[in-house]
Amino acid sequence: MARVLVIHGPNLNLLGMKEPDLYGSDSLEDINRLLAEVARQHGLELEFFQSNHEGAIIDRLQAAMGSAQGILINPGGFTHYSIAIRDALSAVGLPAVEVHLSNIHAREEFRRHTVTAAVCVGQVGGFGRYSYVLGLLGLKEHLERKGLPGR
Amino acid sequence: MARVLVIHGPNLNLLGMKEPDLYGSDSLEDINRLLAEVARQHGLELEFFQSNHEGAIIDRLQAAMGSAQGILINPGGFTHYSIAIRDALSAVGLPAVEVHLSNIHAREEFRRHTVTAAVCVGQVGGFGRYSYVLGLLGLKEHLERKGLPGR
Amino acid sequence: MARVLVIHGPNLNLLGMKEPDLYGSDSLEDINRLLAEVARQHGLELEFFQSNHEGAIIDRLQAAMGSAQGILINPGGFTHYSIAIRDALSAVGLPAVEVHLSNIHAREEFRRHTVTAAVCVGQVGGFGRYSYVLGLLGLKEHLERKGLPGR
Amino acid sequence: MARVLVIHGPNLNLLGMKEPDLYGSDSLEDINRLLAEVARQHGLELEFFQSNHEGAIIDRLQAAMGSAQGILINPGGFTHYSIAIRDALSAVGLPAVEVHLSNIHAREEFRRHTVTAAVCVGQVGGFGRYSYVLGLLGLKEHLERKGLPGR
Amino acid sequence: MARVLVIHGPNLNLLGMKEPDLYGSDSLEDINRLLAEVARQHGLELEFFQSNHEGAIIDRLQAAMGSAQGILINPGGFTHYSIAIRDALSAVGLPAVEVHLSNIHAREEFRRHTVTAAVCVGQVGGFGRYSYVLGLLGLKEHLERKGLPGR
Amino acid sequence: MARVLVIHGPNLNLLGMKEPDLYGSDSLEDINRLLAEVARQHGLELEFFQSNHEGAIIDRLQAAMGSAQGILINPGGFTHYSIAIRDALSAVGLPAVEVHLSNIHAREEFRRHTVTAAVCVGQVGGFGRYSYVLGLLGLKEHLERKGLPGR
Amino acid sequence: MARVLVIHGPNLNLLGMKEPDLYGSDSLEDINRLLAEVARQHGLELEFFQSNHEGAIIDRLQAAMGSAQGILINPGGFTHYSIAIRDALSAVGLPAVEVHLSNIHAREEFRRHTVTAAVCVGQVGGFGRYSYVLGLLGLKEHLERKGLPGR
Amino acid sequence: MARVLVIHGPNLNLLGMKEPDLYGSDSLEDINRLLAEVARQHGLELEFFQSNHEGAIIDRLQAAMGSAQGILINPGGFTHYSIAIRDALSAVGLPAVEVHLSNIHAREEFRRHTVTAAVCVGQVGGFGRYSYVLGLLGLKEHLERKGLPGR
Amino acid sequence: MARVLVIHGPNLNLLGMKEPDLYGSDSLEDINRLLAEVARQHGLELEFFQSNHEGAIIDRLQAAMGSAQGILINPGGFTHYSIAIRDALSAVGLPAVEVHLSNIHAREEFRRHTVTAAVCVGQVGGFGRYSYVLGLLGLKEHLERKGLPGR
Amino acid sequence: MARVLVIHGPNLNLLGMKEPDLYGSDSLEDINRLLAEVARQHGLELEFFQSNHEGAIIDRLQAAMGSAQGILINPGGFTHYSIAIRDALSAVGLPAVEVHLSNIHAREEFRRHTVTAAVCVGQVGGFGRYSYVLGLLGLKEHLERKGLPGR
Amino acid sequence: MARVLVIHGPNLNLLGMKEPDLYGSDSLEDINRLLAEVARQHGLELEFFQSNHEGAIIDRLQAAMGSAQGILINPGGFTHYSIAIRDALSAVGLPAVEVHLSNIHAREEFRRHTVTAAVCVGQVGGFGRYSYVLGLLGLKEHLERKGLPGR
Amino acid sequence: MARVLVIHGPNLNLLGMKEPDLYGSDSLEDINRLLAEVARQHGLELEFFQSNHEGAIIDRLQAAMGSAQGILINPGGFTHYSIAIRDALSAVGLPAVEVHLSNIHAREEFRRHTVTAAVCVGQVGGFGRYSYVLGLLGLKEHLERKGLPGR
């Protein structure tokens, strides 16, 4: 049974409280609950982590080495400049999927550039909370096709 | 029962014959068969269309008005410059999901820019043929959440 | 009596059905009828052509050599990247006028750049269907001032 | 009966004296006479203003509030950098049409960018003095379609 | 008692008549009255000048040499390109504060670049008419801290 | 009585110890004392927070929801790249004012671009410690004009 | 005996009729006849294809798989933007040589960038119709040195 | 005897009063006196004009048609953006020489670009007041070599 | 005896575990042990600090004021965007040397730009763990030549 | 009998010794021998010159005036920046053909830009040593079509 | 009596033989003879040097230390990229004047950027051979005003 | 015993004579003497070469094939544009280390880009003459770790 680390980047803890037009009305807890349900159906084990701290996200990614087989990450605002998180994803070496609630290509120009995507398996964005579900399914499919890393 | 138009852009008819490292070993027919199976499970009806002609893709998108409720599109090379397809997606007004077999952010610089994404609901890329499955599920979820257009 | 080829680029066949805020509520047929009436008053003969295919537009432009004396063209989305249509306009050598329904300078950044304009006599944009009328009058004036080509 | 303010930007007072290849052999007076004739036929009243002073053009635009219903402007060289004139057009709020004698897309690179066009109704360029006539007709059509402002 | 020259750039004389969403409903006279009241409380003497003419603003800045000890300036649209006003501010050598009614960083891209700011003491923007008050207080504080120039 | 959260970004805790030419000789405590005095006079309550950690600043901004009515922030070096702080300011939704000790337009090129300013009410910069005072007054004025948020 | 597919892009069917200064006075038929003669001398078999349709060129390239051993292509205006043709050349996998009649480095700036060249064996340009002859010889040499593909 | 119009752009009337490090300690009158002396020695007649108004400079340039045979111009800050002055120089058609007191290539980046130089005969810069003398000699040499215009 | 603070940026704690092709097979502990040995030979005292947190690195840099005489820093991914660390290095004012394990000029384009280098004494990169040794020797040499700061 | 100067730029003397993957295994002597054979067959006389010195190449190009009728040049690394060689080719005025062993469009970004190509008749690249042969044939054809220069 | 080193860059030895439209019909010897005459009148001693070799120019510049008091240089094509010559001018430390025969601002875009100008006293361009004369006079004036270096 | 070729680029022969603030007061001979001493201690044999000629540096690099095992190079101004030297370093294939006396990241913008670094083992800069010593030690370490090339 594969274990997946789910990482929520900065400000995602505010989900559901503000800007529902942009991000929907679900809270982060709602999303995690939904993910947990989907994971249960697909025989995956999930660990959740949210932080507004770039360093804490890197620490957590590193801690996944040896304990998790894949990463589902919404880097939030860090998507666009955190080369340090990119390097962490690359160094940890676990298959990762990048997800976004909104369609980053339909927003401000600076949101169209992502520094983290190049070291991920794939990306999903624009489906609200369901982006996470799709990302998780994609990660599972990838793990099955390639075999679990580190085993 | 919602009907979804699946559009495959230029050169996708060659899938499975060439460059398996980049695009996998599935043929386009394999992908369509997989999609049809998934659609059947989720109560969706699919129509398939592949063309190497930008204009034919626009014609087909326009023809979907009134007959389909959503669009699943892999614009292939047109992703990066076809403002005409972008305008077609926008004018037709059906919810569309953009999918890519490979991770466009891990390839040549010019592939990181997409002109079509901004007028789609969302995007999925990097999961090989499974990108299509995820895109279809995302589209279905969107249709259920927003209600079917044109009804 | 001069003959003018009127070319409507991609998605203009949808006029009146969608996005009236942007393009007005006239159908393409309404525009053609209006143009025909204006042409009749000014002693011009019109031929109409609409296509979503870049290649078909080039074919039609080439076919105008010897049969038409001027071109009225709304290249639609092709305005911004079709060097092939630009080359066709240049090779055919007939005086051409570029028209746009909307004001391309008040829209997305990428719509402000036109590759076709440099090989046209002039441009008209922003007046809705009336852009065509103005473009036709401008073309007529040009033909009268310079004399008809190819005679 | 609508009143239209016609503004000629810097160096247009030299028309007909120099560079006929680029701008034609008509003097500014010829253009104004032609415009007056067209206006008379269409029941428009015209006021003419030419200045080489950016500030004087802004003053005149502001003075049009309450007295004119539309603006026909050839900003000349100011087209490419005068944000102050752009702001004046925007603040005055009257429908304006930008015209150019030559085809700005077929000249130096820096002439292809216009800062004023985005706050105008539309643009006409490349038809020599006839650009003004077309611009005036376009403005009249706009005023009729939208109704006169400030009444 | 220090004397401050208050300069309002192009189109600011229209304040209160147009675009209240962007610039508020105060007229320029309201702003000047408010500033005069604040100046009186802080022992400052004010001179007001508004012009739509870049050259007139430069003339007025130069005339301030010897008669004023500081400058409060809203260069309006000139902010973004008038190197001549920048040079005037620099040559005159009086401490100057740049103010803007709106937040220039939340508007069009071209408004984010200011050529005049680099030769000013500081900047205030986004507070409507109150930007002027804050700018004046900042200028006074600067004059007190550095001593009055030219004495 | 409105409560305002005052946030000092990275390295501002060193104020007064180093680089007095650039930032003046006041310590951060001096600035806070000055601000407290100004706040007392204007019936505002202040909370101070300084951190070198982007994440800690985001945490603190989020904690202000429900407890503060406005934000006075000097993002320091984060001004130029922290999209995460920008997103926090935007998500928290409280009126914020950005202040800088120095004139960022008179320094290195990369300091002229600010990613946080677009989601603030306004900006003040270049007045040393007095930038904070002006920013606070501007924030108070904004709160009075718009009414306090979240009440 | 190797078979080579010769592809002429958009507007090349007009050769000899227009713009002889730029492209010479030979018709496309003249060029094909010359090529056929050269091919005969070198034991090559040629197939000719001209189209103004990007999609038709892609279709034809794909059809060459299994029937031809090399490609000689003048993509015309498509040279500068057709990523779809680039992808076709890459997917088909046959050695291709890109030729141009004129020297693209001595023309407009936008003609200096080619998106198709990177997936070709080599390039020849600037020799008028003789560019084709040189390209064919270069392709033959390449086939002999590397051995024929797909055999 | 040729007549030369000498134009001094914005802020040059302040010469000698401010920034001697950058522009030297000569006043504008000193420069004019020096030029007059040089002109006398070389049989030239000079007219002087200084203005801070772009429009006034254009007016004066136009007035030189028919009365002067050459132009010596230091456009000051207008050098870098006044396309209107460039157009005036071009329309007036008299040989012009651009001079600068300082070396514009050794100052801020934005001063290295000149929009007016392309329509002048030549340029001289970096020699302080002596730049004017050299420019005048260069203009005289040009007039002698080419013959006086307009005679 | 001079004390040097050695700072290892994000992900450097993973050294030796991953990507040996890029960074070598030494662990961070190996590097520190090597450095300690070199320091002992050269009469330097070292303090080591590694963090994935930008803020923690800034805190640690600030804490070095008064206790260390020099800084040896590998900012890892922060090299390319952390203006906050740059400001910390600048504010702390101790001589710093920037080191990189790999040759940043032979990797991705975005790694060629460093924001921190401009405020360091010098840089060493491309020698694997030996970059640290060279950087330490360079720092020592600098301290001896300039004298120890803060004494 | 026409004489052609063959110029090999920097590092081409190392051909065959290094990097055979990139440039093939032929030595420069092999290439020259091949070229001499081809020249003999086509009635051309060749002179060979190789240098790593930009100035020596310019000297040699100049010396060709009056003695040679055409130039075949592989400028090597100078291709991308030597405006001096470009100027020499232009000043000498002999028809020149630029050749490259490798396909410069399939290598590093900076190799895609050539400053010398614009003043040559044409270009050939990507065929290894055979690029030279093709270039020579192209030059001969050009000489025959245009007539020999300088006779 | 001051000695001035006159340096002519690459291809200037061809003057008068080619491209008279661009550079005039004078030979380099004519220019030197003219300069010698002017120098004699002004009590200057000249040394002439022409080379197509960047390194030879640097060698000659260095040799001027101690023997010459000023430099008159036309760097030719090196103007636009030779940072090595710029560094030589800067290291040698003698006042230098840059001259150009043609107006570099009226030619190709890449000729508008000069890397050498920033370390010169001033520049003269556009006056044909007379640019040298003006440059020499400017250099003399500079030497007199500042005093001779190295004495 | 490994032999290392030490190359000093243009203007480095002037070291110690000029600009000591930037480059220190050591002469090139001092640096070579220091290097020789260090080499002796580490069992390395050195050959020294300085030239202001790009081509001579390339010649010397090529001559090192077979005689030297490593290269220590300060390309001086060539660092920023000499693709020919880059190609020489790459073709010669010996491990090379790039050194700079000054910190190129703390100088003009154009000095931050190096074209030669990408083909070197590593870089050292900012330590004055000691940069060479560090570079030599780094090169030695590299040779020991990888084994000597060409043996």
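The first chain written gets the first letter, and so on, giving A, B, C, D, E, F, G, H, I, J, K and L; residue counts start at 1 in each chain.
Quick note on the criterion: contacts are C-beta pairs under 8 Å (C-beta built on N, C-alpha and C of every residue); 3 or more make two chains touch, one makes a residue touch a chain.
Please read these numbers as outputs of a predicted model, since none were measured by experiment.
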Ordered by label, the neighbours common to subunit J and subunit L are K
Between chain pairs I-L and D-H, which one is joined by a greater number of C-beta pairs in contact?
I-L
If I list every residue number at the interface of subunit C and subunit D, are over half of them used by both copies, so same, or under half, so different?
same
Inter-centroid spacing, subunit L versus subunit B (mean Cα positions, whole Å)
54
Could you grab the centroid distance between subunit B and subunit G? Build each centroid from C-alpha atoms only and quote it in angstrom.
31
Round to the nearest whole Å and give the separation of the Cα centres of subunit C and subunit L.
62
Residues of subunit C that touch at least two other chains are 53-56, 81
Chain pairs that touch, as defined at the top of this document
A-B, A-F, A-I, B-C, B-G, C-D, C-G, D-E, D-H, E-F, E-H, F-I, G-J, H-K, I-L, J-K, J-L, K-L
Residues of subunit L defined as touching subunit J within the complex:
53-56, 58-59, 62, 65, 81-88, 90-93, 115
Contact set on subunit L toward subunit I in their complex:
97, 103, 105-106, 112-114, 117-128, 130-131, 133-134, 137-138, 141-142, 145
Applying the document's contact rule, which stretches of subunit C touch subunit B when the two form their complex?
9-11, 13-14, 17-19, 51-56, 76-78, 80-81, 110
